[in-house]
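Residue numbering begins at 1 within each chain, and the chains themselves are lettered A, B, C, D, E, F and G in the order written.
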């Protein structure tokens, strides 16, 4: 897995967005433009955490495999082995889904 | 309940707005546009809290089931099981109604 | 009292503005537009206080019943039982009148 | 004294500006517009002080009766018993005159 | 000395700029406009210092009589006994000349 | 090696970008303009680290020889022995590749 | 040496830029405009350091005689004994060259 080789720094979290739904509820094929941005993703790698004012390490709150909800905006696109991943700060992830 | 599966992160609070009043005081049906934004809501899920400068966890001040008053602006719309919920920071909630 | 049921959060203070003077010093009735914004108000409910950097609770400095002077701008209008109240941060209240 | 009844909050200081000079050095009467803003004032009431990051009270550095020099801009005009007073933050007062 | 009566507050420093050079190196009289702003000055009064985050007093680093170099911009002009002085924050003074 | 003589200050990291790919996947020579900015780089020198609020030294998280992923923007170009290097803050480096 | 008399305040560092190269690599005389800004400089005087949040003195990280690399922008020009020197904050100096 490409990302095992990539280690995000500090409180950054590497995620892979779920595949976009290509068919509408009514069963109609959606052209790419109509497929909204996918906000659900899976965590594939996490940084060690951030260092707070007193110098202590603050670990991130998600772990590899977590299913999370991303904010509409923000994040940095990262190309790893020709595949798109995204880097978000731990604090910007809205929430996670209980497995 | 869909939200039981969704866990807000840090000091975020997931709320469900009360249904908008469809009838005016005088008993006249209100068209959707005339139904103002509903600022009262019920808390359906809460995050663990935020981490302060010294690294200690600061729990949120509302709990599931609380009836709260939302600010006019802000909040993030979240679609869970085809239903609209909203995420607010604990510190942005104006107040709560005693049960 | 409607506000007894409403509990402001953190360092917010719920106040009720004094009634505007409808007559000028010379005894002339003032049209609503000419009645300036009333900056004196009574405290009707207070939040528990804010949490400082070290995590300690900082109680608010006014109490229910205090007569206070509001700043010209700021504050959030809150409708409770069809009556207008206003929420101010404790730190934004200019001063209080000795009873 | 009206201000004895008014207690500024936190690190606010209530001052009364000295009367503007109505006559120029050469003995000519100055129209109101030509009388510059008076920057010297007397302290008439002080707040308890501000609360620093560690939660300790930081008393203000001027006391009632002090003669002070105000900055050109800033301050909030406050009408007390039909007389103009001004509220400044302790930290914005430029200096004081030894009595 | 007028300034002995004026006590700057906190970390403010009262300085008197050196007289501008009225003659160029080549001995030509300089019109007022050509006399650049004088950045060298003498300290005539100092405040007690500023209060840091933990509430401790941080004294200023210059003393009365020091010859200092002022920044090009900033500072507040103060008229004392009809003479121009300038108030600078201790932290804005660029450096001092060894006597 | 030129950079051994150059010691970045504080939490700055000196990196050398990998050579840009001059040929597309399909084997076609890419004109310089089409060769995107290279975001992968090697660390060639690191500063001692930054000093946090409490005065303790916070060492940088990468070491000489690490292969890192740079952000799209930011960084300062530095010419050393006629070769282009780049200075980034430790906190701005997105992640590193496991060797 | 003029600067021995000038003591920068706090974390300021006084530097003298190296002379600009007047001849190009190919031996052609460069007109003044073509001689880029010199970013290498020598430290000629340093301040005592800055005072951090807890009131402790944070000494500067360069010493007199160090050869340093300046950022492209920033710094304050200071005329001492008719010679141009520049004041930079310690934290803005990019790095130093090992002697």
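Here, contacts are C-beta pairs under 8 Å (C-beta built on N, C-alpha and C of every residue); 3 or more make two chains touch, one makes a residue touch a chain.
Nothing here was measured: the structure is a model prediction, and the numbers come from that model.
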Distance from the mean Cα position of chain C to that of chain A, given in whole angstrom: 44
Approximate Å spacing (C-alpha centroids) for the pair chain C, chain D: 24
Averaged-CA centre spacing for the pair chain D and chain A, given as whole angstrom: 55
For chain D, residues that touch 2 or more chains besides their own: 53-54
Pairwise touch network: line, ring, star, complete, or other: ring
Chain order, ring traversed from chain E with chain G following: E, G, F, A, B, C, D
Chain G-facing residues of chain F, complex: 4-10, 12, 14, 45, 47-48, 51, 53-55, 76, 78, 87
Residues on chain E engaged by chain G in the complex (per definition of touch): 52-54, 56, 58, 61-62, 69, 71-72, 90-91, 93-98
